Every structure is written in C-alpha cells, then in structure tokens.
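What follows is a group of structures, each given as structure tokens.
One chain, subunit A, appears in both complexes that follow, with subunit B as partner in the first and subunit C in the second.
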Partner chain A sequence: MEQLAFGVLALLTLGAGFGVITSRTVFVSALWLVLSFVGVAGIYVLLGAHFLAVTQVLVYVGAISVLVLFAIMLTRDLMAEEHPQNKQWVLATIVAGSVFGTLATIGYTTDWALTWPRGAAGVASTSTETAASSGLGSSAVEAIGRSLMSEHLLAFEVVSVVLLVALIGAIVIARD
Partner chain B sequence: MTPSIPLWWYLILAAGLFSLGLYGALTRRNAVNVLMGIELMLNGVNVNTVALWRYITPTAGSGPAGAGFGVDGQVFVIIVIALAAAEAAVGLALIISIFRARRTVELDDFSLMRG
Partner chain C sequence: MSMLLQESSAMRERLMHLLAGVLPEAWVGTGVVIGMSLLKATAIVLVIQIGMLYATWLERKLIGRMQDRLGPNRIGKFGLLVPFADMIKILTKEDITPRDAHSWVYNLGAILILPPALVGFAVVAFSSTLIAADLSVGLLFFFAIASTAVIPIFMAGWGSRNKFALIGAMRAVAQIVSYEIPQVLSLVGVLLLAGTLSMNQLVGSQGPLPAPGAEGAVLPGVWYIFLQPIAFVIFLLATTAEIERTPFDLPEAESEIIAGYHTEYSGIKFGMFYLALYFATIAAAAVTAMIFLGGWQPPVPAFLIPESGPITDFMYNSGWLWMTIKTVFLVMVFMWFRGTLPRLRADQMMAFCWKILVPLSLANLLVTGLLANLLAPLASPMAYLGAFVVANAILLGITLWAVRRWRERGSSGDFVFEVQPAAAPSGVGGGD
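What follows is the complex of A and B.
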C-alpha cells in the first residue's frame, strides 16, 4: 500500500518535473512545476513530516508559483517559442545524466545504517516506530517551534535577516 | 517495525528531481525557466534531507517530550525553504528589472557583463 502511494507520488513528481523541462511555453512549464511541488508535498506526508507538507503547499504551491506566474505575465513579450532550449543540450544531458548516475549509485550502494551510531538498524528503528505510532503530528509542530526558538535560534535569526534583505532587495531591484 | 519503503527509493527520487532541474537550468533559454529548474533542484535536496532524517537520524535534536524522536531534519528543511523563497523573489525581481531595460528574458541576450 505504501509502495503504491510512493509509486504514484514519485511518478507524479518526476513526470511533472519532466513536463517542466520539456514543455514549449513558459506558462505550461509553470503549471507543471506546481504539480511537481504538490507531488513533493505528498512525499513529505509519506515520510511523516506533515508540517513540512503543509509548509510546502503554502510556500511553494501558494507563494512561489504565484510569483513565477506574475513574472511570466510581467515579462511576456513576443517570445519566439520555437527554440525554448539553447544549443548546449547535449552537454547538459551528459552532465545531468552523470550527476543522476552518481547520486543514484551513492544512494543505492551506501550502507546508510553505518553512518549514524544509532542508525536504522539500531535504536532509530524502534524510535521510528514510536514516531509513527504517535503520528508525528501536532506534537511535532510544537517541537519544531521550540527547536527553532532554542537550539536553532541563530539560524532562525539569520534567515529572518536574509528574508528582510531579500524583501528590500527585491523591491529596490524591481522598481526603477 | 521496518519501514516498508527502502531508503534508496527516496534517494533516487531526489536524485531524479535534482537532475531534471539541473538539465532544465542548463538548457532553457528563458530566464524564468532557469529559475524553475533551480526550484526543482532545491526540492530534490529537500526530499533527500527529509528522507535521511526519517531513516537515519530521526532522533537528532530535541523533540516532543517522551516521543523518542527529534525534529532537526525538519528544521533544516524549513530553513532551506525560507532561503529558496528569498532566492526566488530576488531572482524574479532581477528578471523583471532586466526585462524593463532590455525588453527580453532570453538569457543569450544578456551579455552586459561580457568583457
């Protein structure tokens, strides 16, 4: 059952990702991108990270997609859609293919249980069970909030400054 | 309980997303499309992070009292999502600004900084 859900979501995500890089018009690409983001949100649910799934839908499906669509609308000109790709597609195929091969080989052949002292074979598997039975749900949201405000406070503050700078920068760059 | 989906399924899905995004970012002429490719790559990285958190280090960091798991992996991903949003905003603002000046979003026409 879980495998079936994973298969459907993976097919959705990768198929929509393929649509993003192959469709001829930018607008259709953006719509495929939204579908791919939804698929990734489903993958997060499957992994038990429900809060991340909600964040994914809010930030990516909600905000970034709308931003991309706005940019497409604002920059629409007489774009020649006959050649949406440039001439380096052979080189790009080689690069992307070899990156995929390397990452997939590493992911498949590495014995991940050895990389963490309490790896998948040890304590973690029992705690995974606990996490699954406790649902990782509302308690995880509270834990994420506490973690952001205590252990990861510095990262939280730095990100907030980065967001502020990006906000001001975007306004300054876009209006002239 | 062993999870019914092996970890490497997720890792290969993430690698596929990353490679699709890389191909898109390298080949598209339209700058908005290149940004879409970068977003796909970031999503692949996030899937990878969440999968490795779930399978390898679910106990890292502090979590709900007595639940026996931590949320460090999820916090990482939240920070990456926030940075991706900032990057998208600045990138699209740059594209709009360049479009105003040059009336095009084709990357091949952006040769202002070529020496």
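What follows is the complex of A and C.
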C-alpha cells in the first residue's frame, strides 16, 4: 500500500516536473510546478512528517508559486501567444547538470538513519487515524520547536530579523 | 448527527463483514480504512451542501429584510424551495467555452476552485467526537488548504483571456496574499495560550469539557474571544477578505469589472464558483467558531451549569447543536457585513491591511506573549480573563488614538476610513 502510494506520488512529482520544462507557455509551466510541489508534500506525508507536509503546502503551493505566477503576469504580455525559446541552452544544461550532480552526490553519500527517535518523528507504519488520535504528530511539532529554539537559535533569530525587514519594507513601499 | 457517530463503530463492523466476502484477506484492513473515509467524506459533503443551499436562501432573506424588502417568498413556504429552482436553472444553462480561452486551464480552474473550500472541513469538529481527521497540525492544515484557493482563481482569470477576468484575478491574488498575514498572525496569540495545533484540543482548552485524549483540565478555560478580542476582530476582518465577501469583494466588483475572474463562466461552471464562495463562507464561520467561540463547548459559563441532572447532560452532550448555532451565527455576521458595508477601493483595501491590521496584530502578539509568560504561575481562568481584558482595552485605546492622530495630521492622503465622494458606490445584492 505504501509502496503503491509512493510510486503514484513520485510519478506525479516527476511527471509534473517534466511538464514544467516541456510546456510552451510560461504560465502553464508554473501550474505544472505547483502540481510538482503538491507531489512532494504527499511524499512528506508518507514519511510521517505531517508538519513538514503542511508547511510545504502553505509555503510552496500557497505562497511561492503564487509569487511566481504573479511575477509572470506582471512581466509578460499575457494576451499574446508565446514560445519561450532562446539560445541559452548550453549554459542552462551546465547549471542544471551541476546542481543535479551535487544533489545526487549528497543524496548518495548521506547516511539516512533517523537522527531522533522514531516516535518523535511521527509514525509511518500505522494508519493516519491512530497516529492522529494518539497525538504522535504533535510531538514532532514540539521537537521541531525545541530544536529551533536551542540548537538553531542563531539561524532562527537571523531569519526572523530578515522576515521583519521584509515586512517593514513592504509597508514602506505601500506608504509611497 | 451525533447518533450517526455512535453508529460509526457498528458501521465499521458491517463494512468489514461486507468486504471480507469480496476482497482477499490482506486487503480488508485497507478497504475498511478507505471505505470509512469515503463514508465520512460523503456525510460531510451532504451536510455542507444542504447548508450551502440554505445559506443562499438565508442571505437573500436577511439582506432583503435589511433593505426593507421581503426577499424570496414565491416558491414553497417562505421561498424555501428557491435554492432548488436555482439549481435546476443553473444546470440547464448553456455551457460555453470562449473561443480564445486556453481551454484546459479555463475548465480546470472551474473544477479546482472547489477542493480548497471543501477539504478544510476535514479538520472541522462538529462535536468532540464528530471530526473527520483530528490532525495534530489541524489548524495549520486548514490555512494551508485555504491558501491554495489562489491558484484556481489565477487559472480562471488567465485562462479566460479576458481583460476583466485578468484584473479580477490580479485583485484577488493581491488581496488574498496580503490578508493572509494578519489572519495568521492574529492566531499566533491564541496558539501561545492553547499550546496546541489540533482543532479538537484547541476547542477543549476553552471550556469545561476537555477534548478526548487530553490529560486533565487545560487552561485557560475561557473562550478566546474574551482573552483575545482584538485578535478576533483582526481575524474576522482578514477572513472576510480571504473569502472575498463584501466589503472586500473587489475581485468580482460588478460595477467595475463585470464579475472579475469568473466573468466568462456560465451554467454549472459559474455554479462551481458560487458553490465555492458559500463553502468557504461556512468553513470560515466554522473555524472562527472553533478558534474564538468555543466550538462544541456549551454556550454558558461552567459555574452556571448544575452539577448533575437533565440540563447538565443536555449541555454537555449536544456539542453538535452548539457548534451549529455558533457557525450559523457567524455566517449571519458575514451576511450582515454584506448588507451594510460599502465596498472598499483597491488602495484602501491594501492600506487597511498593511498599515493597520499587520502592525496591530504584531502588537497584539507581543502583548499576548508577555502576559502569557507573566500569568503562567497564576494559572486561573479569572486571572487570565482580567489581565487580558485590561491589556486589550489599553491596546485598543492606543490604536484608536494613533489612528485619530494620523487622520488629524493628514500625513497620508489615502486614509482608509475617509470616504471620498468619488469612491465606488456599493453594489449590494446584485451579485447573484
């Protein structure tokens, strides 16, 4: 059952990714990207990382892809048919190839053993119903919160300052 | 409805019995899980669908009364069959796809508009046991799903190849993305006090009845509307903007841009947008009721409920009734907004969000954080209540003083509450 679900989700993610690079309209590419993000969120659910899955939907599907769509709408002639092709494919191949190579190397060399107890990370084996009623996922949120406030405190504070600056910047721009 | 839930385990038995005859043994467990999920989903959709039909009737009736009209009164007693006549009409209309439209983006937009409004009901607790999925991250799940509603709106606006549709979609996205910030920020204070993201536990922390699975009594034990009144107002306004109801219905302002992003849709495709609007309204009302009005908790303070007896049983056992009353009340508040408030201009809408709601919700978060830390050793509902009421009153006073000062100095020409003669007149009641 889990294998089957993983297969479907992986196919969805990869197929949508393929759609991103093959469709001829930038707007449709962006829509494929959204579907690909949804597939990744589904894989997080299978891994028992419910919090991460919900955050993925909230941040990537609900916010980042909307920004992408918005940027496309503001910068392109929307009523015109377009065929986004240019002569940069050599450069694009080099950049994409090296990024993929780096990620694949990291993925292959990392030891994927769980770094915290399985109970805390949520459960993958039982059905969602029992996981929800026993509140196991809740301790995952707690564990993430604790590690953010202890181990990664500096990074957390820096990120929050950056976000605050962005908010104030938006307000300043809105005032002009 | 609560009867249905008590039947749930019996239904599970019967389903297992049925499937055992059809499926191989290894698949029966999976089959039962899927079957029960389907049954739950069907029950929710049926209830919400009927709720939606009568929400349209209620809206016409209420706004009619507010405007000194009678509202629908011809088909059935009090016009009660009007929603069904509407359904028949909408199903028999001609189905049109404009020649220049991007056909699959256009059609898919009308289909995908529904799931974001519907899936959120999975974490709505109709009573302490009547909840489809009591996710540990339930609150976050609801807002994550709701935030995806932007994408089908974008698809509809872009796929239609119509300037008005595109303008409507742009307005919708700018509005939804902006108002998401105060909407979620205003909830952080509540989450600080509750210490949980599960919907059921959140309701359980607001009253005498603990949620199933909670250990002992959970503080603060008071509805969050009393502890966080400012957060409630911010949340209600931001939610009105999120579901695009008047006065925040600029994306479909019919006096300016025809019908916004669904200008080009007809028949049942338009029906989908109409359905999604009402589903989102009911979902927003239900979630607001759960977060701020105590959800399935009895609507009476704990010290007024007798120790035992038939009244006590009725108060504690009819959570679904309290939840329904609170939800319908909030739906009526949304309709009341629509009946009384004129539509905002686009710049007023943005200024109101970024200049008032966002700073106020940040200030509220700061005050809540400080107080929650200071009050932790006291730990009694009354101490919480007193301290938060005083703090919120002070915060409200400072805000009103700042707004007045701002208006007197006239530092910003586009002040939000200043109704200018050229402002668009409201188009109340014409949107159906």
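Basically, the second predicted complex is superposed on the first by the 104 of 176 C-alpha atoms of A that agree within 3 Å, B and C clash if a C-alpha of one lies under 4 Å from a C-alpha of the other, contacts with A are read in each partner's own complex, and residues count from 1 in each chain.
As a working rule, a residue touches a chain if its C-beta (ideal position, glycine included) is under 8 Å from a C-beta of that chain, and two chains touch if they have at least 3 such contacts.
Keep in mind that what you see is a predicted model, and the values were worked out from it rather than measured.
Look at A:Leu167: by the touch rule set out above, it reaches both subunit B and subunit C. Of the two partner chains, subunit C is the only one that A:Met73 touches; subunit B does not reach it. Of the two partners subunit B and subunit C, more subunit A residues are in touch with B.
Contacts of A:Ala63 after superposition: both subunit B and subunit C are touched. Of the two partner chains placed by superposition, only subunit C is touched by A:Val34; subunit B is not.
Of the two partner chains, both subunit B and subunit C are touched by A:Phe51. In the superposition on chain A, A:His152 makes contact with subunit B only, not with subunit C. Shared-chain residue A:Gly17: touches subunit B; no touch with subunit C.
Looking at subunit A, you'll find residues 51, 55, 63, 70, 79, 127-129, 131-132, 134, 136, 140, 167, 170-171, 174 touch subunit B in one structure and subunit C in the other. For subunit A in complex with subunit C, the touching residues are 1, 25, 27-28, 31, 34, 50-51, 54-55, 57-58, 61-63, 65-66, 69-70, 73, 78-79, 127-129, 131-138, 140-141, 167, 170-171, 174-175.
Chain contact summary for the complex, subunit B toward subunit A: residues 1-5, 7-24, 26-30, 32-33, 35-37, 39-40, 43, 46-47, 50-59, 61-64, 67-75, 77-79, 81-90, 92-97, 99-100, 103-108.
Taken together, the subunit C residues at the contact with subunit A in this complex read 30, 33, 102, 105, 133-137, 140-141, 143-145, 147-148, 150-151, 154-155, 158, 161, 166, 169-170, 173, 177, 180-181, 196-198, 212-213, 350-351, 354-355, 358-359, 412. Interface of subunit A with subunit B (complex): residues 2-3, 6, 10, 13-14, 17-18, 20-21, 26, 29-30, 33, 36-37, 40, 43-44, 46-49, 51-52, 55-56, 59-60, 63-64, 67-68, 70-72, 74-75, 77, 79, 83-86, 88-89, 91-93, 95-97, 99-100, 103-104, 106-108, 112-113, 115-116, 118-120, 123-132, 134, 136, 139-140, 142-144, 146-148, 150-152, 155-156, 159, 162-163, 165-167, 169-171, 173-174, 176.
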